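Note that the chains are named A, B, C and D in the order they appear, and that numbering of residues resets to 1 at the start of each chain.
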Amino acid sequence: MSNGCDAYKILCDSLEERGINLETVKASLREQKIETPSWGYADSGTRFGVFPQPWAAKTLEHKFQDAGTVHKYTGIAPTVAIHIPWDKCDNYQDLKDMAAENGVRIGAVNPNVFQDEQYKLGSICHHDPAVRAAAIERHLECIDIMREVDSTVLSCWYADGTNYPGYGHFRRRKHWMQESLEQIYQALDPHERMLVEYKLFEPGFYHTDLADWGMAYTVCRELGDRAQVLVDLGHHAPGVNIEHIVAFLIDEEKLGGFHFNNRKYADDDLTVGSVNPYEFFLIYNELVDAEQDPAVETDIAYMVDQSHVVKPKIEAMIQTVVMIQEIYARALIVDRETLAEMREAGDIVGAEEVLVQAYRTDVRPLLEVVREEMGVPTSPLEAYRKSGHNEQLAQQRAHIQVSGGLGT
Amino acid sequence: MSNGCDAYKILCDSLEERGINLETVKASLREQKIETPSWGYADSGTRFGVFPQPWAAKTLEHKFQDAGTVHKYTGIAPTVAIHIPWDKCDNYQDLKDMAAENGVRIGAVNPNVFQDEQYKLGSICHHDPAVRAAAIERHLECIDIMREVDSTVLSCWYADGTNYPGYGHFRRRKHWMQESLEQIYQALDPHERMLVEYKLFEPGFYHTDLADWGMAYTVCRELGDRAQVLVDLGHHAPGVNIEHIVAFLIDEEKLGGFHFNNRKYADDDLTVGSVNPYEFFLIYNELVDAEQDPAVETDIAYMVDQSHVVKPKIEAMIQTVVMIQEIYARALIVDRETLAEMREAGDIVGAEEVLVQAYRTDVRPLLEVVREEMGVPTSPLEAYRKSGHNEQLAQQRAHIQVSGGLGT
Amino acid sequence: MSNGCDAYKILCDSLEERGINLETVKASLREQKIETPSWGYADSGTRFGVFPQPWAAKTLEHKFQDAGTVHKYTGIAPTVAIHIPWDKCDNYQDLKDMAAENGVRIGAVNPNVFQDEQYKLGSICHHDPAVRAAAIERHLECIDIMREVDSTVLSCWYADGTNYPGYGHFRRRKHWMQESLEQIYQALDPHERMLVEYKLFEPGFYHTDLADWGMAYTVCRELGDRAQVLVDLGHHAPGVNIEHIVAFLIDEEKLGGFHFNNRKYADDDLTVGSVNPYEFFLIYNELVDAEQDPAVETDIAYMVDQSHVVKPKIEAMIQTVVMIQEIYARALIVDRETLAEMREAGDIVGAEEVLVQAYRTDVRPLLEVVREEMGVPTSPLEAYRKSGHNEQLAQQRAHIQVSGGLGT
Amino acid sequence: MSNGCDAYKILCDSLEERGINLETVKASLREQKIETPSWGYADSGTRFGVFPQPWAAKTLEHKFQDAGTVHKYTGIAPTVAIHIPWDKCDNYQDLKDMAAENGVRIGAVNPNVFQDEQYKLGSICHHDPAVRAAAIERHLECIDIMREVDSTVLSCWYADGTNYPGYGHFRRRKHWMQESLEQIYQALDPHERMLVEYKLFEPGFYHTDLADWGMAYTVCRELGDRAQVLVDLGHHAPGVNIEHIVAFLIDEEKLGGFHFNNRKYADDDLTVGSVNPYEFFLIYNELVDAEQDPAVETDIAYMVDQSHVVKPKIEAMIQTVVMIQEIYARALIVDRETLAEMREAGDIVGAEEVLVQAYRTDVRPLLEVVREEMGVPTSPLEAYRKSGHNEQLAQQRAHIQVSGGLGT
């Protein structure tokens, strides 16, 4: 791309004309960190069964190898979320070492309390105290693991809910949930935190105990400062304005993290930004606005939660990380000074155009330069697809028996 | 209906068999109170204009006459919500007297801060402090009116929001909202309270500042005990489980009241229970469950918010009040003891059947007896339709010029 | 229930007062036929895995035993839909005999072209002609089976679609679909027919090739008279008026059958009528309206498509059949003469009240009499739950290895 | 913009590298035609009333002046849709001349049968034959007007539907609709056509008689070749895949035109592309795919249907036209050869990336050159906003009394 340099120069000029400090933008891009999920590299299924991919991770080591590959190609995916029991092992020191050998670290630890037979009717909200105790125990186990692998984030999602009215008493389940979470929260050290995810529904449900951000927020507020809300982009009712919720939670100091993905109908697990990239830009616009606001303090875990059935795993993950990077770049070049003026003037079209101007800017020349500076391929997805790596993995792994799980 | 008595006897036997105390049920039914809205009696419109009804209320006095008629026929609609400035008048003592002459009292006072030209881009969240001040002033005026008319409820709904991204700064608008509401809240006396309504959207909007129960809840919690959330049944995204939200708010001691209505697509203003009466029953099931729970204290304002474009106003309101009464009756006869046993046993079908059994019971024989005891027609809607009253109103009112408004 | 007779008498009087011919109603109820699905008796799963039920059918014979049990308790579920390959066997004459021994017959035959590895990216719309040929072959096999088991209905549902834009060419896929279906249609004998189902989405999809009734209708119209649309109640976008679609298809002589179930959010498989029984009544209201219209001819297959994860299988199916029967009964007692008058008069409240009056009538006394006359338990679900049959099945079956599938 | 040329050069090189013929792209862009609606220039309202804009068109002449302004600034908006009776006048020859004087022509003629008192319960589906006759008469009047103003398109939208179950008989209303449309269709000359629009709902509705594309399609198919479906982007249920419907209708030779706009929740009238520009790109991708397919013949009317409450009218319309132009440009530069290869190879990520690559290309340098060649401002919105024209209009028009209406 001999034109790359020229395109970059033109982009720089145009950004500077708008008063955007390019070095600040580049610094932010270099500091961006995306966490990918171990379960996103293994085979996953639909309600009809699992459609296996020959190159999919079949062992715990494979998952870290693949996460390492994604980081190698993008430079901004240095951590991996793990899922217990899917990633359970005998020696977590070894697991930490294995991660390091693959160039990554372990990030959030995700307890799974939805797949065992006993959790069929719920976990931390179950009417049977023994089931709740088991679910709490699983969390405490995860907190132990966190300490072994140097993680500080316990990432909690629950499939708790009911399929029909009557057999669940909403208020009683709420109390059980609060009591269960309280026990988990008490086990955290001051530098550790827990993120509580919400979701409108699981297929076939009548209600979920943490149906929306308001419920997760109320529960976290009761727990204390180290409990925060996790926003999964695919977990809302149709039409809900997610960027508004993000801004609201930031203002309440309760936004703890994201699970990035997308949904067209009512399900998550599609590549983030694949359905409505402009909505994703508007979400990032709120994040950058908060980043640049001295009155705001945030500590947000940016995590991917996708488990692809038809897209090749590593390709999909690189595509995802690159999409997040691009959208972040576009949010960084919003001319916030002019935007503020337009707001003051009540200029609706003018304010919108400031956003649109940033959104439709082709930031690829800028990202190519940043990537070059970071020592990764300038076009990560293209480079990976040309590398032949997927085909090699297929050869190595196709015959191995599966051990894995799927995402939430 | 000579069979009425027999049907009542059969119903009584069957309820007693299930351990339902009939006298308690009847006492609850006699104590039920529904508030109807003054704006529900006047002509209202769609975005295409107003389709006038000849019998519609054209004056303030008409509205109270009509509310009085609804109370006369049902016996359980003794109060009327008013809307300022639609119901503005020179002398509120006279207004109170006028209500009394028509057999009703004034209930909640609703400030309107969405219709004046100045509120085009918002009211309590407007970027212009002068507009916010005007909106606050309107509320203070309403609090004064409350005192003149012996009302203790300020019922607040806002059309605040934006139509496009950019010109509204979410977090700044949130601060303005909190500051505005704080000033209003401070003006309340200890025995007075304010109800804060939420709504996912207005037509053409990109965001509303109070989009869901979580936002209204957060705002109210910050204000204090006398600020509570108002649930309008038509203001949720598709699929949202409203009865769950109701139970959640009860548990948080933040459920202040209802605006009853229904929506099929995304709009409110349809007769409550006309789209999904079973959902409405499930909502009342939570209310009765809380009523009968000694650990719970509630003070809930049950208000109708409907403004009919095609249904005749008074007929629609009587139909509505009767529907609410019927659904309440069905919720009262749920066999909660058996339900609790089914829950304990994890019996999903059994628990659901307890609810369904109450729901499909034809409670009309019971209601006929209760109404007879209360001295109102046993079939209020039928009696009204046969009375010729609507036709008389049409003759009296058709030629009068309109003065009125529409609902939220 | 010593009051049963009296309640029945009161109901009869009240219906006759409204001009409802009770004998006609009872005759219709006796002739009602509901088909249950073989896959509804076997264990089914969610994307997280299968939660096994001890009493679930583990063999083909179990499925027919269970369907026979449902028919024995209800008297109106004489046929069973089968699914190929889930119900594949060596000798279909034996299968027919097995059905007969359990008191039922085989109904619709459902080809499964969504679970094999080759169908990962589609079946009759797949870009690879070999995959399309395999899918067509599966249908032809099913048509052969139909003839062996005396079935005349080929019931077709497709998981065809794409997860992301780009890799599927909409118009080309449409042509492949039409060509594939044409080949299948040509194989049908004049007394046989095919039903084509539509569905807005599968989890994770970007598009489905038969997304709505309009697409199924267009395809069927092109095929010919013996291709008709199948309406699955759980396959629509939020807010869609299903009863309107039903009436529209009846008028176009293209309504071939139903898959009964319900959904609260965006998924099917909940018990029909469990979310909005009034909507289900309005659907049946259209069906009865057409039944009683001499200008209309229909041949509608009433089939259940539910596969319960948490409810016990046979209980859920009896509950379902009873719900359908109740709703049909309520639709049969709509006072259509008065309804027509109200329509003529433009009386909106009056017309609605005619429907509501029928809907809120407790038809259980009538159904008890009809059931007694048919020689089945007057309260099928209660009788079954008291029979101890489920517990016996659990003892017999819990240790047997699974062979089964799940529904669409 | 001294960099404009360089940016253009870089863009050209990159497109040519991908095998895109730039001259063809530019020719297509020069031939693009967008029709704007006369009602989009006048004040419009919400259900709360009309918020007037000082610069809004107050007279028929104003509307044509404003449409002329939009065309002057964009070069691709040469026609104006009119609405009867909002644009009714005594002499249509004068109207045609007035359009010509403002540099535009009259496009589609839209009969309004939803605002008169008599249409409260419907128009072409009304149970009263006199109302249906009046509605038909309005259409015949419009056909006469079409001939006077050299229009060939009758654009039909109906607010027909019901608010509650019961008072509308679905099948009977369908017959009335078909009969009414038949009479209108018969009045068309061979070179004239009618476009039939569908819409899921109006606020407060229970059903609309033309609820989805399938109903409009069925009706048009019955009428004949000169009746075609009009797709309004804001008239679908949440989640519906519009681009799929567009492709389906193209394949059935029944796509007649568009009403461009956008909706976030459930309403239309937002600027097209303002909520999900990628979805809009995917729709245009189908249109370009069909344009370039020799087997396909289409004659599609590209019309805007927006009536802005908060955005300044002319600004909003220029912004809209430019958005459509940009999206068309991006769809034109999709590398369809590579896309076809990816499809053949079943390469999901590869196919998606081809689309994304075109979508994220900044086409502004290309459009600037095209505009320069067409003799219009290179940045139409910026040029207009700097022109001071809006302020002049405000001065001239603010004091004039309104005469106008709003859109559908």
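By definition in this document, contacts are C-beta pairs under 8 Å (C-beta built on N, C-alpha and C of every residue); 3 or more make two chains touch, one makes a residue touch a chain.
Quantities reported herein were computed from a predicted structural model and do not represent experimental measurements.
Visitor: Given the touch definition stated above, what is the smallest step count connecting chain B to chain D?
Guide: The fewest steps needed to get from chain B to chain D is 1.
Visitor: Counting C-beta pairs in contact, which chain pair has more, A-D or C-D?
Guide: Between the two chain pairs, C-D has more contacting C-beta pairs.
Visitor: Roughly how far is chain C from chain D, going centre to centre by Cα mean, in whole Å?
Guide: Spacing between the chain centres: roughly 40 Å.
Visitor: Two or more other chains touching the same residue: where does that happen in chain C?
Guide: 121, 163-165, 200-201, 206, 238-239, 241, 264-266, 274-275, 310-311, 348, 352-353
Visitor: Which residues, counting only chain B, touch chain C once they are in their complex?
Guide: For chain B paired with chain C, touching residues are 3, 6-7, 10, 13-14, 238-239, 241, 264-266, 274-279, 310-312, 315-316, 319, 326, 348-350, 352-353, 360-362, 364, 381, 385.
Visitor: Of all residues in chain D, which touch chain C in the complex?
Guide: 121, 127-128, 163-171, 174-175, 200-201, 206-207, 211-215, 217-218, 236-241, 243-245, 247-248, 250-252, 266, 282, 285-286, 289-290, 293, 339, 342-344, 346-348, 351-355
Visitor: Sort out for me which residues of chain D touch chain B in the complex.
Guide: 45-49, 51-52, 114-115, 117, 120-121, 159, 163-165, 200-206, 238, 264-267, 269-271, 274-275, 309-311, 406
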